[in-house]
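Note that subunit A is present in both complexes that follow, paired respectively with subunit B and with subunit C.
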Partner chain A sequence: MTESIARWFQGLHERTGINLTVFYDSFDAARFVSGIATTIELAFLCVILSLVIGLAGVIVQGSPSRLLKFSVNCYIQFFRNTPSLIQLYFFYFGLGPLIAVSNANGQSVPLVSNFAWATICFSIYAGAFNIEIFRSGVEAVPRTTVEAAESLGYTRLGSYIHVILPLALRISFPAFSNNMVNLTKLTSVSYAIAVPEILYASSQIWSDALNVPEMMNIVLVSYVFIVSIFVYAMGRVEKALRLPGIGL
Partner chain B sequence: MTIHSRTGFRSLLACGLFALAGHAMADNLDDIKARGTLLVGGKTDYKPFGYREPSGKVVGFSVDLAQRVADKLGVKVEIVPTTAANQLQFLEQGKVDIVIAAMNDTPERRKIVYMVEPGYYASGASILSIKTANIKKWEDLKGQKVCAAQGAYFNRAVQEKYGADIIAFKAPTEAYNALRNGNCSAFVYDDNTLTLKLEDPDWAGYEVPLRSIMPQPVAMAVRLGEDRFHALVTTLSTDWYKTGVIVQLEDKWFPGKRSSFVQEMVAKYR
Partner chain C sequence: MAAEIVSGSGSILSVLASWTPYILKGFATNVFISIVSMALATVLGVLVGVGQVSTTRAVRAACWAFTNFFRNAPWLVVLFYCMLLLPFQFRIGGVVVAVPDWAKAILGIAVAASANMSDLVRGAIQSIPTGQWESAESLAFTRRQTLFLIILPQCIKRLLPPWMNLYALVMVSTPLCAIVGVNEIMTVAADILAANTRHDLLIPVYFYVLLLFFFYCYPISRITMRLERRFAVVG
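Here is the complex of A and B:
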């Protein structure tokens, strides 16, 4: 089966010049599939981490300590107002060499890999946006509801966890979901520091096989496919979280 | 919503088909003369073939040849900076008229452009690594992280044949940086350039320990179908060996070196 598919695509190349090496060259196929896997892995880790950062940030932002609030705001301003490609370069080429250990050859080797830097960088970038998104949700929770929770004896953290955040999350879910779709697409930027995701794998393939237009089409279709599945999953989560009765 | 997404899908499909369709070009030689400028795709970070002087001016072996092609046509020369990953696309799209970018002549590339024979130099792949890494043969690279520049024709072979874990960066500058930062144990690249790097005091402690592999001529390239232009530069390229231009340029850019490729070509065309 796979062999006949491979033969068909090889024939297609000979007949029409359309060279889809990923379907008949096992080496190219392997690196493209591993590219897709890397993209999904990177996106998944970043979504989880940025969600954690967003939740932690919004709780800290609501705290009475002015110093804590100030530091969270600094973090948001810093990472929201700088391009993520620049942040990536900063971490990988600027900060990376400083966090290094010496190996057996006496060469200093960075502790954090390019994949890890990409994960960290995109998570804190999207996390900064998530804090703001969740804050808009928190602010939309009616004041009376918060007061009701307080009068029932909830501590500040308790009311956050049991009353405010569950409502705020639902209110801000569409915006959050948007940000996460952007984050998934943002993973392609890690191409710049040679993280072997889809775009990087494709660039390796088109450098060898010189089939740029074909690979560009494949990359585009792959992203449409991956992001569609992600959007579908987010839609399902949103539905499952629906609270009938209070318009959420 | 359905209607929107459907038109969206169709236009997406159309874009894809256009991209695949390719395009035809008229004779380029008249365009160049009418324009008064020869657009040359060249490297600007590839010593000694094409690099920036401290003043910012692009100079090098390839640049001198580009000037000669332009002189022959009676036009000015303009170097458009390209990389190994985009030089052929620039040529195909008509952003440049000719690529003189220390580009190696390979069978894959011949399918999409006219390579000019004879080539004006030859180069192969070697590695730059820290001396203490103690790399003695290509097989030692197995399982090691090896930096590379995207689009180099030998990257795949080094990965497939020697089992190196290739980390390819957009430009050689980033690969040099990554090697220095310890992100990889070696940088696989053009042997001429790497050997020259050793003269730089910044790279003391590094070596080019392996014999070059996959030597290929370095050639100019023009678009497929540009027969007149191709014939003209082919004649020019042969003359460069006959009249000693390449030998002079080798003396200028590789002082004290006489590559076997150049000797061979001089003997063949003299």
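Here is the complex of A and C:
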């Protein structure tokens, strides 16, 4: 089956000149598939981390300490209003060499890999947006609900975890899922620091096989496909989280 | 190690100061790219957005497909697409017109942003109460007149805050052009680092560039927030 597909694409190349190496060359196919896997892995890790940052940030923002609130606000505004590419360069080229260890041969080896830096950087970037999104969700929770939780003897943290956040998360889910879609698209920027995701893997393939137009179209279609599946999945999660009777 | 950094801190500032005119020139390129591509994206986005509410089914489907395809494609990939697949020169009659890299980059960003713009326009048009359409119809306005004389002018106010948000997004996306080989602020930063070959310059240079973007984009986002609050319907 796979062999006949490979033969068909090889024939296509000979007949028409359309060179889709990823379908008949096992080496290119492996590179491309691992690129897709890297993109999905990166996106998944960033979604989880940025969710944690968003939740932690919104709890800190609700604290009475003005200094804490101010520093969270600074973090949000700084990361929202600066280019993520330069943030990535700042982390990878600026901070990366500072956090290095010497190996057995005395060479300096970076402790944090480029994949890890991309994960950290994109999570912090998307996390800044998440805090804002969750905050507006928390503000949309009715005052009376918060007061009811207080009168039942919940601590501030307890009322957040058991009452406010479950409601706020559902209110802010559409904006959150939109941000996560943007985050998934943002992972392609890690091309700049040579993380072997789809775009980088494809650029290696097209430098070897000189099939730029074909690969470019494949990259575009793969991204649209992955993001569409992600959008669909987020829609399913939103439906699954729905609480009947509260209008959420 | 620490002493080295402390002793060099004065000269870091002086190095940054001496390179500032060059850095600002690079930043001006980013501003130029962002303004031109935003203008293009606005025009294209309004056309496609209006197309999304067209009465002709084919136009509606085509505009919907364009919007959703480019909304789901990463901007960097669209940029690569424009950069690598557009010809580097055109032949009009006997005259060969070269297409510079930055023009292709502008087009790439504009196409990506226009998909977002198109959805904003569609949302704004649909947020206008249908009563407006009906009363215009009863006053014998044609559909085109209704759209351009009645509906779209009302959309401008609703569109302004998200449009400004989109502009800020376009601005912070312009450094992506450096990846595809356009000379702008990231190229300048790389030049400075190459010319000085000092490791302690890496963080200050990138931080300086980050600050430039911050001081350009933060006021925009403040104004956007204020406009949003002013235009918000109190309910």
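Here is the rule we go by: the second predicted complex is superposed on the first by the 248 of 248 C-alpha atoms of A that agree within 3 Å, B and C clash if a C-alpha of one lies under 4 Å from a C-alpha of the other, contacts with A are read in each partner's own complex, and residues count from 1 in each chain.
We adopt the following convention: a contact is a pair of C-beta atoms (placed from the backbone, for glycine too) under 8 Å apart; a residue touches a chain by one contact, two chains touch by 3 or more.
Everything numeric in this text was worked out from a predicted model, so none of it was measured.
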Checklist entry - Is A:Leu199 contacted by the first partner subunit B, the second partner subunit C, both or neither? => result second
Next on the checklist: Quick one: is A:Val231 in contact with subunit B, with subunit C, with both, or with neither? Answer first, second, both or neither.
Outcome noted: second
Next on the checklist: Applying the document's definition of touch, where does A:Ser84 land relative to subunit B and subunit C: first, second, both, or neither?
Outcome noted: second
Item to check | Contacts of A:Asp208 with subunit B and subunit C, given as first, second, both or neither | outcome: first
Next on the checklist: Taking the superposition on A as described, I'd like to know which of subunit B and subunit C A:Phe27 touches: first, second, both or neither.
Outcome noted: first
Checklist entry - Just subunit B (first), just subunit C (second), both, or neither: which does A:Asn114 touch? => result first
Next on the checklist: Taking the superposition on A as described, I'd like to know which of subunit B and subunit C A:Leu186 touches: first, second, both or neither.
Outcome noted: second
Checklist entry - So, does A:Phe93 touch the first partner subunit B, the second partner subunit C, both, or neither? => result both
Next on the checklist: Quick check for you: in the superposed arrangement, does A:Gly57 touch first (subunit B), second (subunit C), both or neither?
Outcome noted: neither
Checklist outcome for this item: subunit A contact set shared between subunit B and subunit C covers 93, 97, 192, 212-213, 216, 220, 224
Checklist entry - Along subunit A, where are the residues that touch subunit C in the complex? => result 77-78, 80-87, 89-90, 93-95, 97, 181, 185-189, 191-192, 199, 212-213, 216, 219-220, 223-224, 227-228, 231
Checklist outcome for this item: Given the complex, residues on subunit A that touch subunit B span 18, 27, 93, 96-97, 100, 103, 105-110, 114, 192-194, 200, 203-204, 207-210, 212-214, 216-217, 220-221, 224
Checklist entry - For subunit B, which residues are in contact with subunit A within the complex? => result 12, 16, 19-20, 22, 84-85, 88-89, 108-109, 111-112, 130, 132-134, 150-153, 155-156, 160, 166-170, 174, 177-178, 180-183, 185
Next on the checklist: Applying the document's contact rule, which stretches of subunit C touch subunit A when the two form their complex?
Outcome noted: 69, 72-78, 80-81, 84-85, 168, 172-176, 178-179, 186, 189, 199, 202-203, 206-207, 209-210, 213-214, 217-218, 221
